[in-house]
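Each chain carries a letter (A, B and C) given by its place in the written order, and its residues are counted from 1.
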């Protein structure tokens, strides 16, 4: 407990934890103040995500590589997973998909680009392990194909009809199992059979912070997850109304705002790694997290929708989201191809993200 | 003749030759047993393809490089060509195109991926000549563009109308000639002007098997080609009915089953090369065969349709096939970029093939 | 003045300057002879472009790097800019966009491919600075995404409606500013912070020709620009009618003929560099000029359309043009990836251009 308190004292981000009780109070006292709920739940999720991330690292630092890898895969994107589960239970499949696609794009473009830029402003050129970057880019490429092919192969006129719906459903389950399998084999490859090619970055082990004792870590994990789940319920409820108030399109909120908030803690680690010339860490967090979401979180959500969702959810995204994921994957793959970086590489990658954000922000509501 | 018999004794695949007489017997005695015809003709084509392949190698090993290259281009995919010609004569243009596209995708994804996987399971990492892989990937890229551009540039509403049909026809002839020209120049480049960059793999000369005497080789070539042609007629006739019996979509049969059967002999060589750590051979067969089909077989079929088909055939494929060829080319090009391989690279490439196969298998009949 | 005359005597291309007075005479005496106007204005633009190009180099050779780079960006594609401005004033937005897209494609495919081929026919293999090629390819990639994303993200049904038009307009302005910013940062990167990675090619300083005195250069610049502007008016007026006479589709004229004419002077420099084994120069001119048009000329035209055009022009191109730019960028990026070249690389790149030219030439008029 002392470790937890000292952590809170040290890290100003965690002072936002005060939002957690406030959001519940506001929710029960002013049930109609959607915009307030939205802002408070945003403010509450950020520090909870940071706590979760630290607790996860502490747990995985105690276990062996294989178990640690599995835990990391399950817990690493816990915030995104819990937010998505809240939306899944509410049947808000569009929000689920927007947050999944948004997280992939934010990690591959914003987190990677900003790391390159921040690192490059301090260091003339930076080098990193391109084998590891290539593996993640390859996994992302596979996931993007899995999302792209179904809609590309089925002719447009099959969009309606029950046969098409049944097809889309069966295919989604099949593809989900395939992606989880690929993810598991990828871990086997990088953690077991060919681990000598993968540098220290593959652990993503915080940056020099001391791990907590296992009891505290597990306790924090359990308690914080429950809080994230509760706050996410408020968040999912309020996000649509709040978007209208701010004059933002739902697409922009789901794709950009939620993704940046959900990934705030990881971004802090990635940026600090880049400034310290540990670009391996930044690239590992950015691409590793993106491929985790694409090959693990998204398929698991599809399979879980059979258990906890009102109806099964498919793996089919709207075409615009597929195009953005495809471009993000291609950009990341081109940008990390050489294993070297300078500030302008970061600018180029960030510009692609800016183009997406600008387009979604200006999108007329009818399209959103 | 003795060489032929000893080859048959040595190679269990050739025992399937017994299917050849049986398929003709079944066809004349039970003309309605489509499923039986389909299975027997499949069983007959595999050993005939193996014989053809060995005979071709024996012939080309006797000639100089330029003539040998030309012969290889003409004969190397003789099975695919003869099957496609039978479908062309029957006016089954959809089957022709499915088998061409399917062969390209099967070679670039299944043959290449399985070679990487099988080789990688035995050897920790494997190296191969990336210059050669790049040339083939470049040729494939060009062919895919030639197939993609016409449909992408013409607006959707031009799909009907006689002007559009005439345009598509003229363009197909022009593109076909262009592709054959590119293929010829590619041979000139790899066999003549810059041959020092291309390793031994470019000959694809079997693996250590002794070539037959030229007389036997030419005789086998002639006789077996006639048999393949006859069996293909039965095959093309029966494939649609058989697909229904098995509950497979025609798209799956044309794209996956036919392609794997037609390439069985080459696959055996490629996989055995990979196990023997001769990955140059495997990559050469897989990509070389794919670019042969894309830049030589497909355009020749378009030009031949003016002579032997009921109506001219265009080079325009259905959008799903173009997307799959595009993704296959891109995947092959990314996977062979580094000139090194490990088992997981094979898994990634095979997964892409599995995604295609699964989508086509589940496709509702209306779309097939 | 003597320098100017000696230049004219030395360079047979400049003898075409005789077309300049003739085109004005023809225009006032035979106002209906559109085909004649078209041919004469083509003949007049080529030598004027050559003069402009030489004058620009002379001016930039006198200034420092940063100012020189800015001047180069503004003046380097002056011909294209002035032609496009004439079309912009006339409200011929389709022609403006066709000439911009055509110039990008002609530079990345025709100029680059022909340089590789011509250089490769003389030299067995050639090497060049791949860092510089990568920067330009990265900038082009960004520009292509900026043109692709808006139309891909907006659903098809939003094509009509005033909301969609307003969206497209606002987005175009935003993207234009973004692209100009990226271009400026790219110059900062290559000319200032990381100039050691960029070889001599980045100046594109002619090939060994002696620069003119600054007075002559500035005078030529001013006078010739006015002439190009006047001739362009005639050209834009006559191009549609002339296309009909020659049986060419307007798409072919705008995309292929105009682009090749507008870039004639630069092409001459690029090809001569390739023959002299100075491939850095050729690649620099080809890709540098393409990214200049994509990230500077095109956005500036969009912004200028608010001042001098009858209505604002958007940055949205027709889908076929976007596909061609995307493929051209991808081709250039793959072809320049290794930093080495041989004649067959040039053939492959040129073939892609030929496919585009053939498709546009055969396009039925309804689609053009």
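By definition in this document, contacts are C-beta pairs under 8 Å (C-beta built on N, C-alpha and C of every residue); 3 or more make two chains touch, one makes a residue touch a chain.
Predicted, not measured: the structure shown is a model, and the values here were computed from it.
S.K.: If you fit chain B onto chain C using the CA atoms, what's the rotation angle, as a multiple of 5 degrees?
M.R.: 120
S.K.: If you list every residue number at the chain A and chain C contact, are more than half found on both copies (same) or fewer than half (different)?
M.R.: Different-residue interface.
S.K.: Hey, how far is the Cα centre of chain A from the one of chain C, in Å?
M.R.: The mean C-alpha positions of chain A and chain C differ by 41 Å.
S.K.: Two or more other chains in contact with one residue: find those residues in chain C.
M.R.: none
S.K.: Provide the residue numbers of chain B that touch chain A in the complex, in ascending order.
M.R.: Chain B residues touching chain A: 124-125, 319-320, 323-324, 327, 331, 334, 338, 342-345, 347-348, 351-352, 354-356, 358-360, 362-364, 366-367.
S.K.: Applying the document's contact rule, which stretches of chain C touch chain A when the two form their complex?
M.R.: Those in contact with chain A are residues 134-135, 138-139, 141-142, 145-146, 148-150, 152-155, 158, 161, 163-164, 166-167, 170-171, 174-175, 178, 182, 185-186, 189, 193-194, 333.
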